[in-house]
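After this come two complexes, each holding chain A, first together with chain B and then together with chain C.
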Partner chain A sequence: MTERLDGPQASGGGETSAAGASPGRTDPPEKTPTESTATESTATEPTPAGTTPSEKPRTGRVRARLGPSPTLAVLFLLPALLLLGVWMVYPVIYSIFRSLYDASGERFVGLGNYASIFTDSATLTTIRNNIIWVVVAPLVVTVLGLIFAVLTERIRWATAFKLVLFMPMAVSLLAAGVIFRLVYEQDPDKGVANAVLTTVHDTFSSSQGYPGARPRDNDQAPAVAQEDGTVTLRRPAELGQTVLIPLVGLPPDSVKDATPAKPAAATPGDGIGGTVWLDVVRGGGGTVNQVDAQEKGLEGVTVEAVSGGQVKATTETAADGTFRFTGLPAGSYTVRLPQSNFAAPFNGLTWLGPTLITPAIIGAYIWVWAGFAMVLIAAGLSAVPRDALEAARIDGATEWQVFRRITVPLLSPVLLVVFVTMIINVLKVFDLVFIIAPGSVQPNANVIALEMWRVSFGGGNNQGLGSALAIFLLVLVVPFMIFNIRRFRRDDR
Partner chain B sequence: MMRKLPIPIALLALAAVACGGGTGDEPAGQASASSGGDAAAAKPLEGVTIEVAAKWTGDEQTNFEQVLKAFQDKTGATVTYASTGEDTGAYLGPRIQGGNPPDVAILPQPGLVQQYADENALKPLSAEVQAQIDQNYTPYWKELGSANGQVYGVLVKAAHKSLIWYRQSAFDDAGAQPATTWDDLIGKTAQTLSDSGIAPFALCGASGWTLTDLFENVYLSSAGPENYDKLSKHEIPWTDPTVTTALEKMAQIFGKKEFMLGGSSGALQTDFPTCVTQVYAQKKAAMVIEADFVAASLGQSGAEVGQEAQIMPFPKAGDTAPVVLGGDVAVVMKDSKGAQALVEFLASKEGGEVWAKQPGYLSPNRNVSPDNYPSDLTRQLAQTIISAGEAVRYDMSDLAPSAFGGTDGKGEWKQLQDFLRNPSDVKGAQEKLEADAAKAFKK
Partner chain C sequence: MTTLAAEPRQAAAGIERGLAGRIVDRIGGGVIQVFLVLVAVFWLVPTLGLLIVSMRDETANNSSGWWTLFTKPAEITFENYSNLLASGFTSSFWNTVLITVPATLLIIAIAAMAAYAFAWIEFPGRDTIFLLVIALLVVPIQIALIPIAKLYGTLEIFGSIVSVVLFHVAFGLPFAIFLLRNFFVGIPRELLEAARMDGAPEWRIFATVVFPLAKPAVASLGIFQFLWVWNDLLVALVFADSGNQPMTKALQSQMRQFGTNVDILAPGAFLSLIIPLVLFFAFQRYFVQGLLAGSVK
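After this line comes the complex of A and B, so read on.
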């Protein structure tokens, strides 16, 4: 019976082993030897051999039966298999099947849906965008994560810092999308991105003048706006003449406090005079193209007298909008207001326009995921053997060399996992694009996952093409999945 | 150890990416059970239970339940109301497949009538209901509710889409007047506003459907109802000269950047109802071209309908004063006496007038007197429907296959947005519209 000391250990139960050890003694405690054998046999060996304890179980046969029996294994695996089958395998197979049929699901179209993926310009845009995403986003996320991890490693408040960077992960992608939709808003009063840009820009050069002011858009107006924004009088002015340059397009309230406009006084024979004013009266009324009492002069407008394509004289308007050129050589002059008077203020970038939309959304994605990458890489970094770094430093390596030649190579498995995970993630990107891109630029920002949903459920009602897109996406993701799984298995060994 | 640590985290994170949202199938708002059981003899439907499903919730649901109550009091039937949520198709689809549809459903698009008729999920309306339709609606509406030669549905609630909302103070400041013709709208009203330094229009270009609404009004007005019907069914191509005319008229706005708040680029980034906010809360623009439901978006701006927030009927861009309606169609899904009776009641003058007394309702029924409406605005709107008579039309994009007329970034929505971006290329826009329409209508 003494050999049986080993038996209960296989079952691993502390109490059972205590009970199993006792039968050698004279007075058995609570349990009789038979009882202990019975519990033991049900736990480990369902074979009849277990009921008659002997030396035999000590041979290799015990090891072979260490795991559960095949039937038990199947029983244990069944729930997982069932769920996988219902939720993964069947849908995938059905999607493949469905992708071979048309929108109604009745007509077999073969690979027609797949052909239309590669012929339709809209889906080609989505593929192009996905390529941009896959090339840019995982790389930037991994690099930023690495930088953050290395930089925060040795600071005192590292955890707090990491927590802040990791915070975006706690926000759902949908909410992140809503946030960035606001960040990228064109109006600098609302969009942070443009608020920063315009503030920086205005620090260096601020716009002055009257953006938005323009001559009336009809044939009776004495002045006309050129393509480049310069305002030119229709008729050339002769010496000694006074001209009127009425402008509109500004709210009268914006020049409420300005001096009322006055017609220019008569000028001597070698000059040209005139008035630049806002020809609009609050609430309507006033005589068009005439200076009325309530109308205000526009101060500080640059006026040029041009003859033969050359600027002969330049002046600025006074508070009441009048200006005067003097001492001009004989001849007739074109009077014009250069475009600089009307330059629109810098209004930031059109983030949500067709050109910048994809980079803008990638920016939001990076904001969300950089912290995640940092945490993973920092975990890896803490496990890098210090002695390797110390040795390198003692050998006279610079910090950059240590980072480049020691840290990064040692971290490369983690970096690779982060990178590949990001690729898989990026291929599936959906919510950010859906939320951030306004409807009008969504065709420009579109990605495969979003197109898949749009085509099948979001109005397109073509689940054949939608399934084809889903399978296409699956085919793109699978190689990276396999790569990751193989890595995990190698690590486990 | 170092290598393994991240993996569980990574897997967890991956799993966390996927998230789902269930569309709340709220417990059916119970209409108050029929109480007056004493006058049983006079009530033909005593003991009959009817279930009606519609998308309305909140106030709209309460108002509709008032109508149901009137029906119950009249007939003695018990009517329960089930809210379908925003996506009526997603709610009804499984119930039809499960063989348990509601007795009556109110569909947000006439296109669904055809779809469900093809699935044999609808019952033809009885002769009594058809008599009500003939009496109260023009033939156009009867046809709209028909599929495969049978009458299945009747429009019971309308949204008026031929309106321009404007801000009174902006008009006062500029001295501008509401316009009755398109040429006046562009040449006088908008020009005056623009000269006085305010953007005349806040366009909601990011919401493609607002552009299709604008197109439909201009087209109905300039090309007339017959052409409108043909284009709706794609019997004439989008390259037709009548479409050219309509797009050129739209380009009179789209082509002038000072006419739109933020120019075309700004307009394309503005969705509905942000454009309403721009007019009434931020006071950056003077007009917004959209339907009666703008009133619901005035919200915190403090603008009162009829005071600061005014409407003008969409100006005539041709011979027809356009009245484009959206709205909900009632259909019978189970052949029961009660179901037909309820639809008959909803289509009748009597039912319409009960409903009309509730706020936020507009009836497409021409015999519902405008005097029943609680507000001046709806009275005014109802008047335009009645006076437009035979020329009233349903929203064209809602009649088209949704791949063309109802999908963000596709079909008509996308092509009109591209046209807003580049209004000089009318011909190119028409060709792209035609190509998309041909693809969508073929299916």
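After this line comes the complex of A and C, so read on.
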């Protein structure tokens, strides 16, 4: 306080008498523009006068009181304080009270709404999802931002790269949501994510299935499809027998290059032979349930011989559709084609299904925010003293050691800020979940901020619970509020 | 080489690094380039997908992936866009403008005044109030939805554009005040003192000395708030009724039948992001400055 009172203020020679007034004295004697603002000024300054001087020397920004009176400050502050008071402070107080009442707002339920947050399975899912979000997203975003920031230092097109990564920040989360709904489209012919996955998958594996293939659906057909998709012969096969397993349901064109089917050769006494083929002639004709000349064998179909509920032997069909079991113990066998033969080919992942939805949305979130992290960290990086890095390199440190032991520690304040900003942001995540998760999957992807909207406005119509959720959300960000304040007080010194 | 290096270890280590290190750098540099190109492609493809989907008709989008457009560019059509504009989407575009522009201007004006007071006018409790503003920085919007909906109901402005604008202004203020105050504090005090000694009234000092000097900060703030309000969904969802809804809410209402509405959603989403994107590229310097000022001091 003394530090502030002497100094420039003396030389300033205040043009108004208020210049000499210490901020400790809340009631400067000088004339005020209007009496009403004077009274308001005391109303808007709830701080005990004693605390102010103790903080003033520390900030040390303004040493002199030249000119304007505190009442003038009220005029400048009034619109802002009015808006902040009505739209932010009052709602906090109101919500605290409202959260203690039931849906209609008439009956006092105490902490009942808070209890239901922690007992209701729907809200517990939101909490679980928020935990996943908080654990995964900020860390990944920060690490990616760090990697990109460090690597872009070594390329010439760093600015272009940064613009590309930063661009999603300008796009609304709704648009980002639409963008990723398209990316995550299930059909590999529409969604680019699954298109890439299936392309990669098909390059490395050549599993050949016949999705859609099935026996004829009538009593004459020798085979019948079971509930689980397995195709089983109606009659058990005896040793030495050959069987026919005609299938339909595939377009003849899909196998037009395959080898023509032929009946299996007679088998010795300890085996069972047979043929699996597409019992359809292109353009019609042919005999049903008989192998005709133009009909094609189905290659690579898995065939099982089952006896007493157990699979005794497994084989695969040859190019002409024939198969043969040999060396079977005596008895009769059920010959069947397991469901795997008819499974759809790998179609990518069900991104928007219940299991993958949260990771999928986090992916979209990372797409939006990695650029933000990168830009902040790159700015921090440019402030890292080059000679510290060079000195370490000259001492023989590897790039990794330089990065690990010097760059990261020097960057840690920035990394912390990015990380904390992301946590605050992630706690409030709403739009992306709301837009990307399809309606039926939304309960699985739900997060607190979305649930708050849902129960209060989106059909739930329970503003008691909604208020409790809002307060819960507020409580979650309070530690970061304190973090911000402490950081500010430290930096502003 | 290594055996020789055994004796004068330090020097040899340096030479070895010089040779091997350069080779490693060359190879590593190539790997980094490739990696970063892949990352950039990864970041561009989703948006490119949206653009192309928005320029193919429904049958084309249903029958094949958007990337097949490169083999048959004749598929490009602006039909989706003309259909969308004919369907009344333009009114929600104007609602977005009517919400965003006033909200941005109001935030700048109100926050600049408050920031000026926090930076250059002494009054009791100033630091405490400013810390309160910082505390409000992280308050979630959700906290105000129910109380303000009720308040708007009482005031009978629920659903109006004004109600949405005021909500945005209030929730934009903490950041705006914080950003501008930090900038104002850095203005040389001699400038202000000179003006004050000349007897200029405080509002004129604010308007003619401080505010013009703060142009970069105001630009940062302006672009930030513009994007924030333009891109908002939640506030509009709660407070804007269907006649006053911005693009985000109009599009959101089409999400339920995503599959069949792609021909509306894709061009709509692209139209909604084109203005922010242009602004972003035009003012990205200020955007980054604002980001740095707001987060890292």
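As a convention for this text, the second predicted complex is superposed on the first by the 302 of 493 C-alpha atoms of A that agree within 3 Å, B and C clash if a C-alpha of one lies under 4 Å from a C-alpha of the other, contacts with A are read in each partner's own complex, and residues count from 1 in each chain.
Assume a contact is a pair of C-beta atoms (placed from the backbone, for glycine too) under 8 Å apart; a residue touches a chain by one contact, two chains touch by 3 or more.
Note that this is a predicted model, so its numbers are computed, not measured.
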| item | value |
| --- | --- |
| First (chain B), second (chain C), both or neither touched by A:Gly396 | second |
| Partner chain in contact with A:Gln186 - chain B first, chain C second, else both or neither | first |
| Which superposed partner A:Val92 touches (first chain B, second chain C, both, neither) | second |
| Contacts of A:Val375 with chain B and chain C, given as first, second, both or neither | both |
| First (chain B), second (chain C), both or neither touched by A:Thr355 | neither |
| First, second, both or neither for A:Ala175, with chain B first and chain C second | second |
| First, second, both or neither for A:Asp217, with chain B first and chain C second | first |
| Which superposed partner A:Gln294 touches (first chain B, second chain C, both, neither) | neither |
| Partner chain(s) touched by A:Val280 [first = chain B, second = chain C, both, neither] | first |
| Per-residue contact with chain A, leading partner among chain C and chain B | C |
| Those residues of chain A which chain B touches in one complex and chain C touches in the other | 169, 172-174, 372, 375-376, 379-380, 413-414, 417-418, 421, 424, 428, 438-439, 488, 491 |
| Chain B-facing residues of chain A, complex | 102-104, 122, 169, 172-174, 186, 212, 214, 216-217, 248-254, 280-285, 350, 352-353, 372, 375-376, 379-380, 382-384, 413-414, 417-418, 421, 424-425, 428, 438-443, 446, 454, 458-462, 488, 491-492 |
| Complex contact set, residues of chain C against chain A | 10, 13-14, 17, 28-29, 32-33, 35-36, 39-40, 43-47, 49-50, 53, 61-67, 110-111, 113-114, 116-129, 131, 133-151, 166-167, 169-171, 173-174, 177, 185, 189, 192-193, 196-197, 199, 202, 206, 227, 230-234, 237-238, 248, 251-252, 255-256, 258, 262, 265-266, 269-270, 272-273, 276-277, 279-281, 284, 287-288, 291-292, 295-297 |
| Residue ranges of chain A touching chain C (in the complex, touch as defined) | 8, 12, 15, 23-24, 26, 41, 44-47, 49, 51-52, 55-56, 59, 61-62, 64-68, 70, 72-74, 76-77, 79-81, 83-84, 86-92, 94-95, 98, 148, 151-152, 154-155, 160-161, 163-175, 177-183, 188-192, 195, 367, 371-372, 375-376, 379-380, 393-394, 396, 399, 413-414, 417-418, 421, 424, 427-428, 430-431, 434-435, 438-439, 449, 452-453, 456-457, 463, 466-467, 469-471, 473-474, 477, 480-481, 484-485, 488-489, 491 |
| Of all residues in chain B, those that touch chain A in their complex | 1-7, 9-10, 13-14, 17, 19, 172-176, 191-192, 194-198, 205-208, 258, 262, 265-266, 268-271, 401-403, 406-410, 413-414, 417, 420-421, 443 |
